[in-house]
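In what follows, chain A forms one complex with chain B and a second complex with chain C.
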Partner chain A sequence: MSLVYMNIMTAFMVALAGLLMYRSHLMSSLLCLEGIMLSLFVMASLTILNSHFTLASMMPIILLVFAACEAALGLSLLVKVSNTYGTDYVQNLNLLQC
Partner chain B sequence: MMTYIVFILSIIFVLGFVGFSSKPSPIYGGLGLIVSGGVGCGIVLNFGGSFLGLMVFLIYLGGMMVVFGYTTAMATEQYPEIWVSNKTVLGAFVTGLLMEIVMVYYVLKDEEVEIVFQFNGLGDWVIYDTGDSGFFSEEAMGIAALYSYGTWLVIVTGWSLLIGVVVIMEITRGN
Partner chain C sequence: MNLFSSFTLITLLLLTIPIMTTSSDNYKTSNYPLYVKTTISYAFITSMIPTMMFIYTGQEMIISNWHWLTIQTIKLSLSFKMDYFSMMFVPVALFVTWSIMEFSMWYMHSDPNINQFFKYLLLFLITMLILVTANNLFQLFIGWEGVGIMSFLLIGWWYGRADANTAALQAILYNRIGDIGFILAMAWFLTNLNAWDFQQIFALNPNDSNMPLMGLALAATGKSAQFGLHPWLPSAMEGPTPVSALLHSSTMVVAGIFLLIRFHPLTENNKFAQSILLCLGAITTLFTAMCALTQNDIKKIIAFSTSSQLGLMMVTIGINQPYLAFLHICTHAFFKAMLFMCSGSIIHSLNDEQDIRKMGGLFKAMPFTTTALIIGSLALTGMPFLTGFYSKDLIIEAANTSYTNAWALLMTLIATSFTAIYSTRIIFFALLGQPRFPTLITINENNPFLMNSIKRLMIGSLFAGFIISNNIPPMTVPQLTMPYHLKMMALTVTILGFILALEISNMTQNLKFNYSTNIFKFSNMLGYFPTIMHRLTPYMNLTMSQKSASSLLDLIWLENILPKTTSLIQTKMSIMVTNQKGLIKLYFLSFLVTIAVSMILFNFHE
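Moving on to the complex of A and B:
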């Protein structure tokens, strides 16, 4: 496998680690989710272009469509949290805390 | 250097990812994602995927990042943290940078790296050619096949986007 894939997979791992370890902002985790989608898009595009798998060229576009859907849903939830609490800090999401 | 341009672009890609995964304030994270998106477009363009690269720029950066930008402007704090203003963020960024430098050093030393797969540098600038493709771009024809072979896919994605819009409007309506 060529070296570009090593770096793209590393970028995926870095964004996944960033998504799982949150600090203060909910928005940062949503950005890491977008980063995961971007690295998946680039990896899928490179594999499809390299192997001349013509019919699968529509798969990255469909991936991008569903990633946009998911990002918009995440942002709407963030807007509701921000409307209630003023900021999007994750420490505000503590209604289920005992 | 030009034969390794894709590898250099992918290193900048990883550094942009480390930049927003170390979680400064979201506005600076968005900046890192924009840099990574631009460089990722360059990587896809270098492999001959002109339509897919422009999709990244138009739809991803021009659509989704703009929405992230103004949502961040709505929910941001008074003194945003840049990478150098907080020791946690700076430490995470330097850790990611060192990890990438160590990996690149092993690659340049040995010509191949085995982590889970075996990566070698031999296939970087050679695209496998399986015959002639005539005078058209295969990737553009594959995407155009979305409307002939992938009609059901278009219907499902269009419908799910419409339902997504309805769900978002119901969420933001509240009460």
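Moving on to the complex of A and C:
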């Protein structure tokens, strides 16, 4: 596989690691989620453009739409948490009170 | 022939001149009230000429000068109808207004806005004359609304007083409800007869005139304070006494009755309308006379007396005697205005005391006012050969001998005796006995304005009935023969009322205070009508609208059914089924480790 794919895959791995391992802020996990989405988008676009598979070229766009939706959802959850506790520290999420 | 139309128009034009010179220097001097009074006296004299021509030759006239607009098939123009009714009413109104203007030069002397007061009174007079001389319903409506507006402005003259503002608003609201009936009648005439002119309406003579006559009856109920829309009239006594004398005794409140009299060719063919008007008038006259029996404010007693006499006029229309009702309008104006002016003289002399329980002994202290009050009360109760006799006694006789509702007749007779009772009450409490007012005496009735105006109306109360009824052209044949007891009926009940009231009033001199009986409370609280209607109806309206619009629609349907219910169910369910403890980092870390291990394992697997 060419170097480009290797590069993008590395970006994906790094962002995945960042999503699953974070110290205190919930926001960093959301940022890494965006990174995952970005790398997926670039990889899909590159593959489709390289193989001239025009029919599937709507897939990255739909992927982008859904990424925006889930980013909004994640941000709203962050805002709810931040409303209750003032910060978005993860150690606050130990009480499942509603 | 030539002078008729020109003098009519001169009369109407003369009255508008003081209004048009408002912006000039004339309005700002202290001479303006005298100027207005003199203008009205000149207008009275010029209006006597067409009246005398009418009396001598029976000539009527319609002046139709300016074509205003034509809407599809109806033509609206400025037209004045000078017939029996307007010819007789205009001089009477101008005479009474002349006296009231002179009186208010004394009464409102210390008011800084006296010029504005006179302007308002003059505007009222102009709109009243527009109403009376109108030949089509549109012009009449202009005058109708005009008197309503001026009534509002004049009742709320002392606008710093909350009661006065409430009373003015009450007058407007009740009049508005009557205006609905007026508009209904106008709409019916427009769509069915294509006319707003009286001549065309009467020429077409519709047979199904129930609807417009009920509309006009509603309009008269509102404007003339018949039962159901009556509370505004006693509340209107918040205005100054000249306002009460002019508007709410002689001129404005008879506008409703005048409207019904104008439509007498329609009412004389409609038995249903006559019965309705008869019963309405009978209820009004009895109820308001009953309310007048226990009031303590001298102006309110006279206001209820006015209301009772208006009910009597309505009864007269109900027995198909419009000309008698009109005669009663003209004679009633004299003594009622004079009664109000006497009460104004008493009020001012006792330093703004209006409660009759705090007056007394004025018989010797104010002889002139005493004389006028007693003459006015006697004229009101129908003492033979005074003014009221010529109209009131004829009405009672006509009612007694006509084929009519016996209950309404009985009510009217009882109300006649009540008239005598409350008149005696006023005389007894205000004039006779020992003084009950504070000892610092400010009694003074020596002013020539006061004395001349009351003198003029006193002569009117004594002789106007005789003069008018001997000079008008006879329109109906009065009932000439009747049994002895029917002829004496009015006089008998009146004398009975006098004796009864005097006896009871004498008995009340030395009683200890006992708590009011239920009947007394009924009469004193005006039959609980204002208490119920002014509180219950708005409360129910507001509660119903709050419940339906705010609670039901807004709070429940729009907010609660979908959005809040969804969120409530979600939270409760998630609390119920969850078994998580948080620990996100641990879960993420285990996920990462699992993925890494599985990727490494399955990469090197074959």
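Everything below uses one rule, namely that the second predicted complex is superposed on the first by the 95 of 98 C-alpha atoms of A that agree within 3 Å, B and C clash if a C-alpha of one lies under 4 Å from a C-alpha of the other, contacts with A are read in each partner's own complex, and residues count from 1 in each chain.
By our rule, a residue touches a chain if its C-beta (ideal position, glycine included) is under 8 Å from a C-beta of that chain, and two chains touch if they have at least 3 such contacts.
As the structure is a prediction and not an experimental result, all values here were calculated from the model.
Chemist: Following superposition onto chain A, is the placement of chain B relative to chain C best described as a clash or a fit?
Modeler: fit
Chemist: Does the superposition put A:V42 against chain B (first), chain C (second), both, or neither?
Modeler: A:V42 contacts chain B only, not chain C.
Chemist: Looking at the overlay, what does A:L30 touch: chain B (first), chain C (second), both, or neither?
Modeler: first
Chemist: Tell me the contact category for A:A17 with respect to chain B and chain C: first, second, both or neither.
Modeler: both
Chemist: Chain B or chain C: which reaches more residues on chain A?
Modeler: More residues of chain A are touched by B.
Chemist: On the A-aligned overlay, A:L78 touches which partner chain: chain B = first, chain C = second, or both, or neither?
Modeler: first
Chemist: For A:V90, using the defined touch cut-off, is the partner it touches chain B, chain C, both, or neither? Pick first, second, both or neither.
Modeler: In the superposed model, A:V90 contacts chain C only, not chain B.
Chemist: Could you state the shortest Cα distance, in Å, between chain B and chain C after the structures are superposed?
Modeler: When the complexes share the chain A frame, the smallest chain B-chain C C-alpha distance is 7 Å.
Chemist: After overlaying the two complexes on chain A, where does the chain B footprint on chain A coincide with the chain C footprint?
Modeler: 17, 22
Chemist: Which of the residues in chain B come into contact with chain A in the complex?
Modeler: Residues 6-7, 10-11, 13-14, 17-18, 20-23, 25-26, 29-30, 33, 36-37, 40, 43-44, 47-49, 52, 55-56, 59-60, 63-64, 67-68, 71-72, 74-75, 77, 88, 96, 99-100, 103, 107, 113, 115, 117-124, 127-130, 133, 138-139, 141-143, 145-146, 149-150, 153, 157, 160-161, 164, 167-168, 171-172, 174.
Chemist: Under the stated contact criterion, what part of chain A meets chain C in this complex?
Modeler: 16-17, 19-22, 29, 90, 93-96, 98
Chemist: Over in the complex, which chain C residues touch chain A? Could you list them?
Modeler: Checking each residue of chain C against chain A gives 571, 574-575, 578, 580-585, 588-589, 591-592, 595.
Chemist: Would you tell me which residues of chain A are touching chain B in their complex?
Modeler: 1-8, 10-11, 14-15, 17-18, 22-23, 25, 27-28, 30-32, 34-35, 38-39, 41-42, 45-46, 48-58, 60-62, 64-69, 71-73, 75-80, 82-83, 87-88
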